[in-house]
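See the structures that follow.
Same chain, two partners: subunit A is paired with subunit B first, then with subunit C.
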Partner chain A sequence: MSDLKVVADPGTHEIVLTRSFDAPRDQVFKAFTDPDAVASWWGFRDSKTEVAELEARPGGRWRFVGRDSNGGEHAFHGVYHDAVAPERIVYTFEYEGMPGHVLLETITFEERDGRTHMTDSSVFQSVADRDGMLASGMESGAAESMDQLDDYLAKG
Partner chain B sequence: MDEDRLNETFAALADPTRRAILGRLMGGEATVTQLAEPFAMTLPAVSKHLKVLEKAGLITRGREAQWRPCRLEADPLRQVADWLDGYRRFWERSQERFGRLDDYLREAQRKEAPDGHTGDR
Partner chain C sequence: MSDLKVVADPGTHEIVLTRSFDAPRDQVFKAFTDPDAVASWWGFRDSKTEVAELEARPGGRWRFVGRDSNGGEHAFHGVYHDAVAPERIVYTFEYEGMPGHVLLETITFEERDGRTHMTDSSVFQSVADRDGMLASGMESGAAESMDQLDDYLAKG
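Right after this comes the complex of A and B.
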């Protein structure tokens, strides 16, 4: 019943996800910015997330570590540029398994008809980075897909 | 992933007659005459389509002079499936992430209003 939409126009640096949630805006905003909240839902079904750091304010740092049932560990970190409750968060995002490929993520929340509408825009440093993220299936954990992503990015 | 191979495969698939031919061949080998049957098309026209499919490696044609049965080859379509797979996983992963957020929000709202009244709004 999800209204998730993914838009990635060819030749651009951006992926835009939109989705709505059956909850008031301040609650959704909190879900993204409160460390305990984030730890309970962020990440993939088969992994547990440790919120090592999360300071949702300008200049604040964040770092999450996902651990899957095979003992695989995948860490992500960045810096918050902006956090305006309950409408917007802006931060950089880097996967520690692939350093040097940084994206800027802007998430905005709008409340309409009792639902919260989220727009999540990720802007990459190159079209290749953006395409690589799509082609890898976002499975930053699987070594195999990271190899493929490496190969893809190496081709320029 | 062979980019040129993908280009040729997609070009070959970008035609409804050729896709219908591939569909027919999934059911087993067939001759040109058998493949031409459903179409209001001359045999040479069908042969042109078969040439495109053969060049893209999607079909092979037997050597038996008179009959030359056509056979579906799996490899190029498997490459397409692999290419699509990444996008499918991306979609599914996005669904997953926000599915868990749905669960969290539902639980958070339930905690906030156990007796049916809304909490601090």
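Right after this comes the complex of A and C.
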């Protein structure tokens, strides 16, 4: 059962997602930082994700390309500021359809009662950029991604 | 003459500095991305800056160490998301005295009437982090840095 929460206070630069997973945090951290794992859950359900680059270390780059069933292609890239196993990942994020617009994303993992609690906070260069991301359907994309991650984790 | 402006609206994640320089933007961009140049102007006037790393390209890392006349040492580091000569630099920034607290800084340069107009926008992971940076004397540090950059640019 999904417990995804999305908080985006009006007039701020921030979106915060929280979600829990029925898996230890080592496994969840690995699902976010291993290229093969990411390819199997990241993005919309109606889309295949190619992980073109993913090097989870300070200065490492990442680039994901999503291809949907209508032939649409959406690419994203950024650099890792930090990847501290199994607790925290900090990276930049840019959608190549809106070049030059960058956000800083911080994901932390806490383990409680055998479950992993994720907090995923993004800060945008402007409130307008943040509002644009909300309007783009980011919330449903995140929900689909997180459900696919649940399925991936259930397979062990 | 300094025209430094600092805007930090209450309750937001952002600080925006604007400043102009009497130099073409090629020269200003180089002053921000060349290790020897940065060492000669970055930081407080009462401090020497060692540029331990500076590779201005996506995924490149930077690390600056400031040493003041009382023996105090303050180090900072991050990674470049982008460095697009001569118009834009986007990087992460972490003060090693507060590990784990990261901001995203975007600096843009525009040339008008022979002067370069800089906009330097930082977004923090939280409003509390932003307020902490303001309380730390960041504004006077920025003013001293910018004045030293003026002096550096005047030498050509």
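By our rule, the second predicted complex is superposed on the first by the 138 of 156 C-alpha atoms of A that agree within 3 Å, B and C clash if a C-alpha of one lies under 4 Å from a C-alpha of the other, contacts with A are read in each partner's own complex, and residues count from 1 in each chain.
The rule is short, and it goes like this: a contact is a pair of C-beta atoms (placed from the backbone, for glycine too) under 8 Å apart; a residue touches a chain by one contact, two chains touch by 3 or more.
For clarity, every value in this text was computed on a predicted model and none was experimentally measured.
In the superposition on chain A, A:Q27 makes contact with subunit B only, not with subunit C.
In the superposition on chain A, contact is made by A:V123 with subunit C only, not with subunit B. Once the two complexes are overlaid on the shared chain, A:H81 sits against subunit C while remaining clear of subunit B. Listed in rising order, the residues of subunit B touching subunit A in the complex are 83, 85-106, 108-109, 112, 121.
Those residues of subunit A lying in contact with subunit B across their complex are 2, 4, 6, 17, 19, 21-24, 26-28, 30-31, 37, 40-45, 133-139, 145, 148.
Subunit C makes touch with subunit A in their complex at residues 11-14, 58-61, 78-82, 88, 90, 92, 94, 100, 102-104, 106, 121, 123-127.
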